[in-house]
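Chain IDs A, B, C, D, E and F follow the sequence of writing; residue 1 opens each chain.
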Amino acid sequence: MPYIHIRVTDEGVTNAQKQSLIKGTTQLMVDVLGKSPETTFVVIDEVSTDNWGIGFEQVTAIRQRQT
Amino acid sequence: MPYIHIRVTDEGVTNAQKQSLIKGTTQLMVDVLGKSPETTFVVIDEVSTDNWGIGFEQVTAIRQRQT
Amino acid sequence: MPYIHIRVTDEGVTNAQKQSLIKGTTQLMVDVLGKSPETTFVVIDEVSTDNWGIGFEQVTAIRQRQT
Amino acid sequence: MPYIHIRVTDEGVTNAQKQSLIKGTTQLMVDVLGKSPETTFVVIDEVSTDNWGIGFEQVTAIRQRQT
Amino acid sequence: MPYIHIRVTDEGVTNAQKQSLIKGTTQLMVDVLGKSPETTFVVIDEVSTDNWGIGFEQVTAIRQRQT
Amino acid sequence: MPYIHIRVTDEGVTNAQKQSLIKGTTQLMVDVLGKSPETTFVVIDEVSTDNWGIGFEQVTAIRQRQT
(Lines give C-alpha, C1' and ligand atoms only; values in the text may rest on other atoms or scores of the structure.)
Protein backbone atom coordinates (compact mmCIF):
# COMPACT_ATOMS: atom_id res chain seq x y z
CA MET A 1 0.00 0.00 0.00
CA PRO A 2 2.71 2.51 -0.71
CA TYR A 3 2.09 6.14 -1.49
CA ILE A 4 4.86 7.97 -3.33
CA HIS A 5 4.84 11.70 -3.70
CA ILE A 6 7.29 13.16 -6.22
CA ARG A 7 7.75 16.90 -6.06
CA VAL A 8 9.75 18.50 -8.88
CA THR A 9 10.05 21.94 -10.38
CA ASP A 10 7.59 22.73 -13.15
CA GLU A 11 10.04 22.88 -16.03
CA GLY A 12 8.37 21.06 -18.88
CA VAL A 13 7.96 17.53 -17.55
CA THR A 14 6.56 15.61 -20.54
CA ASN A 15 3.79 13.06 -20.42
CA ALA A 16 6.27 10.31 -21.34
CA GLN A 17 8.48 11.35 -18.42
CA LYS A 18 5.50 11.20 -16.07
CA GLN A 19 4.73 7.68 -17.29
CA SER A 20 8.37 6.68 -16.71
CA LEU A 21 8.33 8.09 -13.18
CA ILE A 22 5.09 6.23 -12.38
CA LYS A 23 6.33 2.95 -13.85
CA GLY A 24 9.77 3.21 -12.30
CA THR A 25 8.70 4.01 -8.75
CA THR A 26 5.92 1.41 -8.83
CA GLN A 27 8.37 -1.25 -10.08
CA LEU A 28 10.72 -0.28 -7.25
CA MET A 29 7.97 -0.92 -4.68
CA VAL A 30 7.35 -4.33 -6.25
CA ASP A 31 11.03 -5.28 -6.52
CA VAL A 32 12.32 -3.92 -3.21
CA LEU A 33 9.33 -4.33 -0.90
CA GLY A 34 7.15 -6.92 -2.65
CA LYS A 35 4.22 -4.48 -2.76
CA SER A 36 1.22 -4.86 -5.03
CA PRO A 37 1.03 -2.39 -7.96
CA GLU A 38 -2.78 -2.21 -7.65
CA THR A 39 -2.44 -0.43 -4.33
CA THR A 40 0.62 1.65 -5.16
CA PHE A 41 -0.16 5.33 -5.72
CA VAL A 42 2.30 7.73 -7.32
CA VAL A 43 1.51 11.44 -7.29
CA ILE A 44 3.64 13.95 -9.21
CA ASP A 45 3.55 17.54 -8.04
CA GLU A 46 5.00 20.19 -10.35
CA VAL A 47 6.04 23.32 -8.47
CA SER A 48 6.69 26.71 -10.08
CA THR A 49 10.39 27.67 -9.93
CA ASP A 50 9.27 30.88 -8.16
CA ASN A 51 7.86 28.74 -5.35
CA TRP A 52 10.91 26.54 -4.79
CA GLY A 53 13.86 27.84 -2.83
CA ILE A 54 17.30 26.40 -2.22
CA GLY A 55 20.34 28.13 -0.74
CA PHE A 56 18.28 31.29 0.09
CA GLU A 57 17.20 31.68 -3.55
CA GLN A 58 14.29 30.94 -5.85
CA VAL A 59 15.11 28.26 -8.42
CA THR A 60 14.07 30.88 -11.01
CA ALA A 61 17.12 32.95 -10.08
CA ILE A 62 19.40 29.90 -10.11
CA ARG A 63 18.17 28.95 -13.57
CA GLN A 64 18.79 32.47 -14.91
CA ARG A 65 22.41 32.33 -13.78
CA GLN A 66 22.81 28.89 -15.37
CA THR A 67 21.70 30.14 -18.76
CA MET B 1 -5.79 21.22 16.05
CA PRO B 2 -6.23 18.74 13.25
CA TYR B 3 -4.98 19.25 9.76
CA ILE B 4 -6.66 17.17 7.05
CA HIS B 5 -5.25 16.98 3.57
CA ILE B 6 -7.52 15.48 0.91
CA ARG B 7 -5.85 14.63 -2.36
CA VAL B 8 -8.14 13.66 -5.25
CA THR B 9 -7.91 13.60 -9.01
CA ASP B 10 -8.89 16.81 -10.75
CA GLU B 11 -12.06 15.57 -12.43
CA GLY B 12 -14.61 18.31 -11.95
CA VAL B 13 -15.00 18.54 -8.18
CA THR B 14 -17.78 21.09 -7.72
CA ASN B 15 -17.84 23.86 -5.17
CA ALA B 16 -20.74 22.15 -3.37
CA GLN B 17 -18.71 18.94 -3.16
CA LYS B 18 -15.79 20.87 -1.69
CA GLN B 19 -18.09 22.35 0.94
CA SER B 20 -19.39 18.88 1.78
CA LEU B 21 -15.86 17.50 2.14
CA ILE B 22 -14.88 20.38 4.43
CA LYS B 23 -18.02 20.07 6.56
CA GLY B 24 -17.88 16.29 6.72
CA THR B 25 -14.26 15.94 7.74
CA THR B 26 -14.49 18.78 10.25
CA GLN B 27 -17.59 17.21 11.80
CA LEU B 28 -15.71 13.91 12.05
CA MET B 29 -12.93 15.60 14.03
CA VAL B 30 -15.53 17.07 16.39
CA ASP B 31 -17.50 13.83 16.80
CA VAL B 32 -14.66 11.31 16.98
CA LEU B 33 -11.88 13.29 18.65
CA GLY B 34 -13.69 16.20 20.33
CA LYS B 35 -11.62 18.72 18.39
CA SER B 36 -12.55 22.37 17.96
CA PRO B 37 -13.75 23.36 14.44
CA GLU B 38 -12.04 26.78 14.77
CA THR B 39 -8.65 25.09 14.67
CA THR B 40 -9.49 22.36 12.17
CA PHE B 41 -7.98 22.93 8.74
CA VAL B 42 -9.09 21.01 5.67
CA VAL B 43 -7.09 21.39 2.46
CA ILE B 44 -8.27 19.87 -0.83
CA ASP B 45 -5.64 19.19 -3.46
CA GLU B 46 -6.85 18.44 -6.99
CA VAL B 47 -4.27 16.50 -9.00
CA SER B 48 -4.27 16.16 -12.80
CA THR B 49 -5.05 12.58 -13.90
CA ASP B 50 -1.76 12.67 -15.85
CA ASN B 51 0.07 13.17 -12.54
CA TRP B 52 -1.56 10.35 -10.59
CA GLY B 53 -0.47 6.78 -11.13
CA ILE B 54 -1.88 3.52 -9.86
CA GLY B 55 -0.96 -0.01 -10.98
CA PHE B 56 1.86 1.30 -13.22
CA GLU B 57 -0.52 3.58 -15.15
CA GLN B 58 -1.66 7.17 -15.27
CA VAL B 59 -5.26 7.61 -14.16
CA THR B 60 -5.80 9.26 -17.57
CA ALA B 61 -5.22 5.89 -19.25
CA ILE B 62 -7.45 4.07 -16.76
CA ARG B 63 -10.26 6.56 -17.38
CA GLN B 64 -9.96 6.14 -21.17
CA ARG B 65 -10.43 2.37 -20.86
CA GLN B 66 -13.41 2.91 -18.55
CA THR B 67 -15.21 5.06 -21.12
CA MET C 1 -8.45 7.25 -5.89
CA PRO C 2 -8.41 9.63 -2.99
CA TYR C 3 -5.62 9.93 -0.48
CA ILE C 4 -6.55 11.50 2.87
CA HIS C 5 -3.90 12.51 5.34
CA ILE C 6 -5.11 13.31 8.85
CA ARG C 7 -2.59 14.99 11.09
CA VAL C 8 -3.51 15.32 14.77
CA THR C 9 -1.64 15.81 18.01
CA ASP C 10 -0.51 12.62 19.71
CA GLU C 11 -2.79 12.77 22.73
CA GLY C 12 -4.06 9.24 23.21
CA VAL C 13 -5.99 8.55 20.02
CA THR C 14 -7.53 5.12 20.63
CA ASN C 15 -7.71 2.30 18.14
CA ALA C 16 -11.50 2.65 18.00
CA GLN C 17 -11.12 6.35 17.18
CA LYS C 18 -8.69 5.51 14.38
CA GLN C 19 -11.20 3.06 12.95
CA SER C 20 -13.92 5.72 13.12
CA LEU C 21 -11.72 8.25 11.33
CA ILE C 22 -10.89 5.73 8.59
CA LYS C 23 -14.51 4.68 8.15
CA GLY C 24 -15.87 8.20 8.28
CA THR C 25 -13.51 9.79 5.78
CA THR C 26 -13.76 6.83 3.39
CA GLN C 27 -17.57 7.01 3.54
CA LEU C 28 -17.37 10.72 2.79
CA MET C 29 -15.36 10.02 -0.38
CA VAL C 30 -18.01 7.49 -1.44
CA ASP C 31 -20.98 9.72 -0.61
CA VAL C 32 -19.69 13.07 -1.83
CA LEU C 33 -17.45 12.11 -4.75
CA GLY C 34 -18.62 8.61 -5.69
CA LYS C 35 -15.12 7.21 -5.13
CA SER C 36 -14.35 3.52 -4.65
CA PRO C 37 -13.36 2.49 -1.09
CA GLU C 38 -10.88 -0.06 -2.45
CA THR C 39 -8.69 2.73 -3.74
CA THR C 40 -9.26 5.18 -0.90
CA PHE C 41 -6.27 5.51 1.43
CA VAL C 42 -6.50 7.19 4.83
CA VAL C 43 -3.29 7.85 6.75
CA ILE C 44 -3.33 9.12 10.34
CA ASP C 45 -0.26 10.95 11.56
CA GLU C 46 0.08 11.52 15.30
CA VAL C 47 2.37 14.45 16.11
CA SER C 48 3.95 15.12 19.51
CA THR C 49 2.50 18.23 21.16
CA ASP C 50 6.09 19.54 21.39
CA ASN C 51 6.28 19.45 17.61
CA TRP C 52 3.03 21.28 16.87
CA GLY C 53 2.86 25.04 17.16
CA ILE C 54 -0.06 27.43 16.98
CA GLY C 55 -0.11 31.13 17.89
CA PHE C 56 3.69 31.16 18.48
CA GLU C 57 3.45 28.36 21.05
CA GLN C 58 3.90 24.61 21.37
CA VAL C 59 0.62 22.79 21.95
CA THR C 60 2.32 21.37 25.05
CA ALA C 61 2.31 24.86 26.60
CA ILE C 62 -1.29 25.49 25.57
CA ARG C 63 -2.38 22.20 27.17
CA GLN C 64 -0.57 23.05 30.42
CA ARG C 65 -2.48 26.33 30.69
CA GLN C 66 -5.77 24.53 29.96
CA THR C 67 -5.30 22.11 32.85
CA MET D 1 19.02 18.84 5.09
CA PRO D 2 15.77 20.48 6.04
CA TYR D 3 12.70 20.53 3.87
CA ILE D 4 10.17 23.26 4.63
CA HIS D 5 6.74 23.23 3.09
CA ILE D 6 4.71 26.42 3.40
CA ARG D 7 1.06 26.14 2.51
CA VAL D 8 -0.90 29.40 2.26
CA THR D 9 -4.08 30.54 0.57
CA ASP D 10 -3.67 31.78 -2.97
CA GLU D 11 -4.45 35.45 -2.36
CA GLY D 12 -1.90 37.38 -4.35
CA VAL D 13 1.41 36.37 -2.80
CA THR D 14 3.96 38.54 -4.61
CA ASN D 15 7.31 37.41 -5.89
CA ALA D 16 9.04 39.62 -3.30
CA GLN D 17 7.02 37.95 -0.54
CA LYS D 18 8.03 34.52 -1.83
CA GLN D 19 11.68 35.59 -1.74
CA SER D 20 11.25 36.82 1.83
CA LEU D 21 9.65 33.54 2.91
CA ILE D 22 12.47 31.54 1.30
CA LYS D 23 15.18 33.72 2.83
CA GLY D 24 13.55 33.88 6.24
CA THR D 25 12.91 30.18 6.70
CA THR D 26 16.33 29.22 5.34
CA GLN D 27 17.99 31.70 7.73
CA LEU D 28 16.01 30.16 10.58
CA MET D 29 17.38 26.70 9.75
CA VAL D 30 20.91 28.15 9.76
CA ASP D 31 20.47 30.14 12.99
CA VAL D 32 18.46 27.66 15.05
CA LEU D 33 19.72 24.29 13.82
CA GLY D 34 23.05 25.10 12.18
CA LYS D 35 21.89 23.64 8.87
CA SER D 36 23.52 24.31 5.52
CA PRO D 37 21.56 26.59 3.14
CA GLU D 38 22.75 24.57 0.12
CA THR D 39 20.69 21.61 1.26
CA THR D 40 17.72 23.55 2.61
CA PHE D 41 14.63 23.33 0.40
CA VAL D 42 11.66 25.65 0.82
CA VAL D 43 8.50 24.92 -1.16
CA ILE D 44 5.57 27.34 -1.22
CA ASP D 45 2.16 25.92 -2.05
CA GLU D 46 -0.62 28.38 -2.89
CA VAL D 47 -4.07 26.89 -2.30
CA SER D 48 -7.31 28.29 -3.74
CA THR D 49 -9.55 29.75 -1.00
CA ASP D 50 -12.29 27.38 -2.26
CA ASN D 51 -10.03 24.45 -1.36
CA TRP D 52 -9.15 25.53 2.18
CA GLY D 53 -11.60 25.03 5.00
CA ILE D 54 -11.55 26.20 8.59
CA GLY D 55 -14.38 26.09 11.12
CA PHE D 56 -16.63 24.13 8.70
CA GLU D 57 -16.30 26.83 6.01
CA GLN D 58 -14.36 27.61 2.87
CA VAL D 59 -11.95 30.51 3.31
CA THR D 60 -13.77 32.08 0.34
CA ALA D 61 -16.87 32.46 2.51
CA ILE D 62 -14.88 33.81 5.45
CA ARG D 63 -13.24 36.41 3.20
CA GLN D 64 -16.62 37.53 1.82
CA ARG D 65 -17.90 38.21 5.33
CA GLN D 66 -14.70 40.11 6.19
CA THR D 67 -15.18 42.49 3.27
CA MET E 1 15.84 19.55 -7.11
CA PRO E 2 13.38 16.75 -6.62
CA TYR E 3 11.88 15.77 -3.31
CA ILE E 4 10.47 12.24 -3.10
CA HIS E 5 8.35 11.17 -0.19
CA ILE E 6 7.74 7.42 0.15
CA ARG E 7 5.07 6.42 2.61
CA VAL E 8 4.77 2.71 3.41
CA THR E 9 3.36 0.64 6.23
CA ASP E 10 5.75 -0.04 9.10
CA GLU E 11 6.18 -3.76 8.56
CA GLY E 12 9.86 -4.45 9.01
CA VAL E 13 11.47 -2.42 6.24
CA THR E 14 15.16 -3.34 6.50
CA ASN E 15 18.07 -0.94 6.23
CA ALA E 16 19.12 -2.59 2.95
CA GLN E 17 15.62 -2.03 1.55
CA LYS E 18 15.77 1.63 2.57
CA GLN E 19 19.09 1.98 0.74
CA SER E 20 17.58 0.35 -2.35
CA LEU E 21 14.59 2.71 -2.28
CA ILE E 22 16.87 5.75 -1.94
CA LYS E 23 19.21 4.60 -4.72
CA GLY E 24 16.41 3.51 -7.04
CA THR E 25 14.31 6.66 -6.81
CA THR E 26 17.35 8.93 -7.05
CA GLN E 27 18.54 7.04 -10.15
CA LEU E 28 15.09 7.47 -11.66
CA MET E 29 15.31 11.25 -11.22
CA VAL E 30 18.71 11.21 -12.94
CA ASP E 31 17.64 8.93 -15.79
CA VAL E 32 14.17 10.29 -16.49
CA LEU E 33 14.50 13.97 -15.66
CA GLY E 34 18.25 14.60 -15.78
CA LYS E 35 18.25 15.82 -12.17
CA SER E 36 21.34 16.10 -9.99
CA PRO E 37 21.64 13.48 -7.21
CA GLU E 38 23.24 16.07 -4.87
CA THR E 39 19.94 17.95 -4.71
CA THR E 40 17.63 14.95 -4.74
CA PHE E 41 16.03 14.21 -1.37
CA VAL E 42 14.28 10.94 -0.60
CA VAL E 43 12.33 10.63 2.64
CA ILE E 44 10.85 7.31 3.79
CA ASP E 45 7.93 7.45 6.18
CA GLU E 46 6.95 4.24 7.96
CA VAL E 47 3.33 4.29 9.14
CA SER E 48 1.85 1.92 11.73
CA THR E 49 -0.69 -0.50 10.17
CA ASP E 50 -3.20 0.80 12.74
CA ASN E 51 -2.85 4.27 11.19
CA TRP E 52 -3.31 3.27 7.55
CA GLY E 53 -6.76 2.57 6.19
CA ILE E 54 -7.92 1.19 2.87
CA GLY E 55 -11.41 0.01 1.91
CA PHE E 56 -12.86 1.23 5.26
CA GLU E 57 -10.39 -0.90 7.24
CA GLN E 58 -7.11 -0.62 9.11
CA VAL E 59 -4.28 -2.47 7.35
CA THR E 60 -3.86 -4.32 10.67
CA ALA E 61 -7.23 -6.02 10.11
CA ILE E 62 -6.42 -6.79 6.47
CA ARG E 63 -3.12 -8.38 7.49
CA GLN E 64 -4.83 -10.53 10.14
CA ARG E 65 -7.22 -11.96 7.53
CA GLN E 66 -4.31 -12.61 5.18
CA THR E 67 -2.49 -14.74 7.75
CA MET F 1 -4.25 30.50 7.65
CA PRO F 2 -0.81 29.22 6.88
CA TYR F 3 0.36 25.69 7.52
CA ILE F 4 4.12 25.20 7.74
CA HIS F 5 5.64 21.76 7.73
CA ILE F 6 9.30 21.54 8.74
CA ARG F 7 10.98 18.23 8.04
CA VAL F 8 14.45 17.73 9.52
CA THR F 9 16.64 14.79 10.41
CA ASP F 10 16.16 13.42 13.89
CA GLU F 11 19.51 14.43 15.36
CA GLY F 12 18.76 15.78 18.79
CA VAL F 13 16.55 18.78 18.12
CA THR F 14 16.04 20.31 21.56
CA ASN F 15 12.80 21.63 22.93
CA ALA F 16 14.22 25.18 22.90
CA GLN F 17 15.09 24.76 19.21
CA LYS F 18 11.56 23.59 18.48
CA GLN F 19 10.19 26.68 20.21
CA SER F 20 12.52 28.89 18.17
CA LEU F 21 11.41 27.25 14.92
CA ILE F 22 7.75 27.70 15.83
CA LYS F 23 8.21 31.32 16.88
CA GLY F 24 10.41 32.20 13.92
CA THR F 25 8.23 30.75 11.18
CA THR F 26 5.05 32.14 12.73
CA GLN F 27 6.64 35.60 12.97
CA LEU F 28 7.63 35.33 9.32
CA MET F 29 4.00 34.69 8.34
CA VAL F 30 2.95 37.76 10.33
CA ASP F 31 5.71 40.01 8.99
CA VAL F 32 5.78 38.93 5.35
CA LEU F 33 2.15 37.99 4.66
CA GLY F 34 0.23 39.74 7.45
CA LYS F 35 -1.22 36.44 8.65
CA SER F 36 -2.79 35.88 12.04
CA PRO F 37 -0.72 33.81 14.51
CA GLU F 38 -3.89 32.22 15.93
CA THR F 39 -4.46 30.38 12.67
CA THR F 40 -0.83 29.65 11.85
CA PHE F 41 0.14 26.01 12.35
CA VAL F 42 3.74 24.84 12.45
CA VAL F 43 4.46 21.11 12.46
CA ILE F 44 7.96 19.74 12.97
CA ASP F 45 8.68 16.27 11.63
CA GLU F 46 11.87 14.56 12.82
CA VAL F 47 13.02 11.87 10.38
CA SER F 48 15.53 9.11 11.21
CA THR F 49 18.82 9.56 9.33
CA ASP F 50 18.30 6.03 7.96
CA ASN F 51 15.10 7.23 6.30
CA TRP F 52 16.50 10.34 4.63
CA GLY F 53 18.52 10.05 1.45
CA ILE F 54 20.52 12.59 -0.51
CA GLY F 55 22.96 11.96 -3.35
CA PHE F 56 22.06 8.22 -3.46
CA GLU F 57 22.98 7.78 0.24
CA GLN F 58 21.36 7.61 3.64
CA VAL F 59 22.21 10.61 5.83
CA THR F 60 23.47 8.05 8.35
CA ALA F 61 26.31 7.16 5.97
CA ILE F 62 27.07 10.82 5.24
CA ARG F 63 27.26 11.56 8.98
CA GLN F 64 29.65 8.62 9.57
CA ARG F 65 32.04 9.98 6.95
CA GLN F 66 31.81 13.46 8.48
CA THR F 67 32.91 12.19 11.89
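In this text, a contact is a pair of C-beta atoms (placed from the backbone, for glycine too) under 8 Å apart; a residue touches a chain by one contact, two chains touch by 3 or more.
All values derive from a computational prediction rather than experimental measurement.
Visitor: Give the fewest steps needed to get from subunit B to subunit F, where each step moves from one chain to a chain it touches.
Guide: When the steps are counted carefully, the minimum from subunit B to subunit F is 1.
Visitor: Tell me which of C-E, B-F or B-C has the interface of E-F again, with more than half the contact pairs shared?
Guide: C-E
Visitor: Which pair, A-D or D-E, has more C-beta contacts?
Guide: It is A-D, judged by the count of C-beta pairs in contact.
Visitor: At what distance in angstrom does the C-alpha mean of subunit E lie from that of subunit B?
Guide: 21
Visitor: Using mean C-alpha positions as chain centres, tell me how far subunit A is from subunit E in Å, no decimals.
Guide: 14
Visitor: Measuring centre to centre with CA averages, how many angstrom lie between subunit A and subunit C?
Guide: The answer is 26 Å.
Visitor: By residue number and range, which residues of subunit C touch two or more other chains?
Guide: In subunit C, the residues touching two or more other chains are 1, 3, 7, 21, 25, 39, 41, 43, 52, 54.
Visitor: So that we know how the chains sit together, what is the shape of their touch graph: line, ring, star, complete or other?
Guide: Drawn as a graph, the chains match no named shape, so other.
Visitor: Can you identify all of the chain pairs that touch?
Guide: A-B, A-C, A-D, A-E, B-C, B-D, B-F, C-E, C-F, D-E, D-F, E-F
Visitor: So in the complex, the part of subunit A that touches subunit C is made up of which residues?
Guide: Those in contact with subunit C are residues 1, 3, 39, 41, 43.
Visitor: Which residues of subunit C touch subunit E once you look at their complex with the stated criterion?
Guide: Per the touch definition, subunit C meets subunit E at residues 15, 18-19, 21-23, 25-27, 37-46.
Visitor: Across the complex, what residues on subunit E touch subunit C?
Guide: 7, 47, 50-58
Visitor: What does subunit B use to touch subunit C in their complex?
Guide: The contact residues of subunit B facing subunit C are 1-9, 13, 17, 20-21, 24-25, 28-29, 31-33, 35, 39, 52, 54, 59.
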